[in-house]
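Chain nomenclature is as follows: A, B and C, assigned in order of appearance, with residue numbering initiated at 1 for each chain independently.
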Amino acid sequence: MTDLERRQDRAPVPSGWDYAPAPEARDIVTLEDRYGVFIGGELVDPRSGEYFPTLDPSTEEPLAEVAQAGTEDVDLAVHAARDAFENGWSGISPAERAKYLFRIARILQERSREFAVLESLNGGKPIKESRDVDLPLSAAHFFYYAGWADKLEYAFPNRRPKPVGVAGQIIPWNFPLLMLAWKVAPALAAGNTVVLKPAETTPLTALLFADVLRQAELPPGVVNIVTGDGRTGAEIVKHENVDKIAFTGSTEVGKAIQRELAGTGKKLTLELGGKAANIIFDDAALDQAVEGIVNGIYFNQGHVCCAGSRLLVQESIYEPVIEKLKKRLQTLRLGDPLDKNTDIGAINSKMQLDKITELVAAGKDEGAEIYQPPCRLPEKGYWFVPTVFTNVAQSYRIAQEEIFGPVLSVLTFRTPDEAIEKANNTPYGLSAGVWTEKGSRILSMAQKLKAGVIWANTYNRFDPSSPFGGYKESGFGREGGLHGLEPYLELDESEARGG
Amino acid sequence: MAKAPALPSGFELPLEPRLPRIGSVDQVAVEERAASLARRSIKRDAKLFALDLAVRMMDLTTLEGQDTPGKIAALASKAIRPDPADASVPSVAAVCVYPNLVPVAVEKVQGSSVKVASVATAFPSGQTPTHLKVAEVRDVVEMGADEVDMVIDRGAFLSGRYAKVYDEIVQVKEAAGQAHLKVIIEVGELGTYDNVRRASLLAMAAGADFIKTSTGKLPQAATLPVTLVMLEAIRDVHHETGRKVGMKPAGGIRQAKQAVQYLVQLYETLGAEWLTPDLYRLGASTLLNDVLMQIRKEKTGAYQSPDYFTID
Amino acid sequence: MTRLPVKKTYKLFVGGEFPRSESGRTYEAQGQNVARGSRKDLRDAVRAARGAVGKWSGMTAYNRGQVLYRIAEMMEARTAEFAELSSGTSEVEEAIDRWVWYAGWADKYAQVLGSSNPVAASYFNFTVPEPTGVVGVLAPESPALGGIVARLAPVIVGGNTAVVLASESEPLAAIELAEAIATADVPGGVVNILTGHRSELAPWLAGHMDVNALDIGGSDGDAPELERLAAENVKRVVRGQADRQSPYEIANFLELKTVWHPIGV
């Protein structure tokens, strides 16, 4: 044997495999130093004269300055929307409206990499998620609703659908572009015009979207984008020339909006928080169920209203599930959101990080047992290690309150009825997961769970044709599907009632 | 003493009491997980590491009616020195041949680290009486084969005669003596991932040193999802019994990019301990040149042409 | 000196390719020699259509919608050529918009045509529409472009594949359409277009045992005979109109499947 051969024969087993950095190129995005507000088809300086920085949460590096839109700015935006509604948009034939939306969808597909990088940069989510989930779904939403624009009479037969007018839309920071698509696409398809406020910490993809509207040649004023914090949102809600409000965000703010609108007759839809139960039966396909648990709570760092944040595992299968889960957590890769191999990105803001930290401390104090895989956090930026709490009681804060972070609380159950009881024992009702190989049990659980979206043998699946929304304090109204058009239409019933 | 848990009928075997639960596999979820792992981006040093490993894990294969000593000689030479222009490229793990060609193969790899694996048990169909299959195994071992790749009796498996499948493997393992045994479950004929898991667990219970996806003679051979299912079964057996069984996906792996994806899947499912030819092999023939081309591309920076790599 | 243009050869469109008729025949229409399809060409077209059903119906509805939208994109780019071969730009624009309209139905007709049914026992019961398979279409003699598009779009948006007999007197627009389709990411075999003599080809299409449905809207008095031939394998027979668009045009070529499953622990 030669030396070489001897070496090969005795080649030692490696102790690990370091996947070299695989960064997505950042230079595809061009950032301005400062952005105004997008009103009447143009980016203009805010009348308020106020700006604030927006950051990359993985490095705390400021990316740009964006406007803090004030009362006057919101007023201008609403007027532009009203103007466009009255003098253009609702008069355009529905088939032509559809074509604008198809254009927007196609342009988003064409510029998808640019948007994905910007989304990860500004929001902290891994590039593989913005690239493979957020962008394709955003384009798909526009494509889907484009098709309804000139078919409303089939969606609502006999009801003479008409647009409501100007829609005020306030969206969250967890899926900035996708939430924009969920709001804008159906609103426009139904013939409305829009004033949209992106979340305070994630304005950039919405502002880049204004450029897509330019390329699509959308008539000015149909979509207006005003950036700012909660004060800007409040202005939109209060404005008397807005006909409908759509809000996605925390339950607390949702209730405030509902109170504000009481007595005004304005239409409202709310998509609020959740504390979903992810229920694993002992006959589940185990390895796939574990993958589903991980997807349910660690996808997007747990910043998901429908996250499976409570694992309800049948006691007979408790040990194998927890064991596999802990092992699986050890292969999660946390780090630079722009690295293609990153699974867990940054927490969106300092505020959110503080909230997660506080609740996790409460969990420990109340007596739950914590597990976190070994994980080295970067020095700068907002990060939280994926966490599992076992020995959790139903009454602990970590089992009741929405954490909105990568923290899973594990509880057990013995029978299907007990699972239902525990799953439904919450003021929330957005989503739930059921894992079992038995078909009849899936359907029985689906029937009894008080949640607007039920995932069986899967989790966190979204599609523009599939209605999404909550029961109880998780909000009301549905987004997606034929049902997602309803909040944006005036539906006449006089014909049905016989005149 | 506690009684082993009851198993579905047909599985009436003297199984070790702690065999992991048979269980089901969700098709959509497992295919999604495999696809997600396949999207890992492995670059530069990490990629070279994987490509080098891929060569060292390869079972360079020729299984054709038209195989001759001349063909085996060329194959062996390629196996020992895959890239004459680059001495740092290691030898492959083994050559894999039909029984008649074992003596030639043994002669040609003598003095190198390359092993000789022989298929046996009426490969590829397995449709022959057990005693003939066992005799074949004894013969190839006597002729010098270091490893035996057997096929399970799919006819028996699909008609529920699991005991027969199990017994055959046990007998073959005995006949193989010191040679290590790979059991081919032929995933392309099993129809469902549930069956793949079942067959894998059965083979491991019967003493397989390695489980292998396919004979390579059917269009449906190794895929990332099917291999993932088998790795998960290996993981369960390791967890329950401490035994480390090896994995060999075979057939349909033609590009270096795929080889890297298989290794990523291996690493993230079983960990670094399995990153060795002692526990993982790639059954392939045309894959080697593509891997060599990729190695050269990583080292020189230029995209390569097949003209510069020998066809043996 | 004026430049001599290179004239196009008008061939059949089968399996994503442009073969001449196996019979080697042509006929003259609109000042051009056009392939005169034979029963063997028709046989090949049906085979191609059948071969494409699995892939086309297996694509997601969203994907199919995008493909139809791309047909519109490809047609838009050829508006001037199409205008020459039909009654003019407005017929072309209407045809393009027709593709866009039907593209939008791909991922929606299931919600309008399907249902979940509240049966009086503990079962989950739902009805879904599915494509019928291979559809034979007799395109209207006229309008040359608008006619074939109005009948073809509702057939394929539902996941069916089509064998179309083009207008006999004005076939060129149909072949131009085939060229747009061939560059629009439509899998080969989903759309097959044969030019030739209607009276020769239609009976073979109507009687073909591997065709699931027949649109005889474009037939010319020979409808009763074609309907009789269609009965041999119980084809779904539709009298399509060129001036109509609706999800029920799509429904004409769909089967309804109802599934029951118990609900229990």
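Throughout what follows, a residue touches a chain if its C-beta (ideal position, glycine included) is under 8 Å from a C-beta of that chain, and two chains touch if they have at least 3 such contacts.
Please read all numbers here as calculations on a predicted model, not as lab measurements.
Fewest steps needed to get from chain B to chain C, stepping only to touching chains, is 2.
Most remote from chain A, judged by the distance between CA-atom centroids, is B. When the C-beta pairs in contact are tallied for A-C and for A-B, the bigger tally goes to A-B.
Chain B and chain C have centres, each the mean of its CA atoms, that are 48 Å apart. Taking each chain's centre as the mean of its C-alpha atoms, chain A lies 40 Å from chain C.
Averaged C-alpha coordinates give centres for chain A and chain B that are 43 Å from one another.
Residues of chain A in contact with at least two other chains: none. Chain B makes touch with chain A in their complex at residues 21, 23-26, 28-30, 33, 39-47, 49-50, 56, 87, 90-91, 111-113, 232, 239, 264, 267-268, 272-273, 275-276, 278. Chain contact summary for the complex, chain A toward chain C: residues 95, 98-99, 102, 140, 143-144, 146-151, 154-155, 416-417, 439-441, 443-444, 447, 464-465, 481-482. Contact residues of chain A toward chain B in the complex are 1, 4-6, 8-9, 11, 13-22, 128, 132, 283, 285-288, 291-292, 320, 323, 331, 340-341, 437, 457-458.
Within the complex formed with chain A, the chain C residues making contact are 61-62, 65-66, 69, 97, 100-101, 103-108, 111-112, 124, 247, 261-265.
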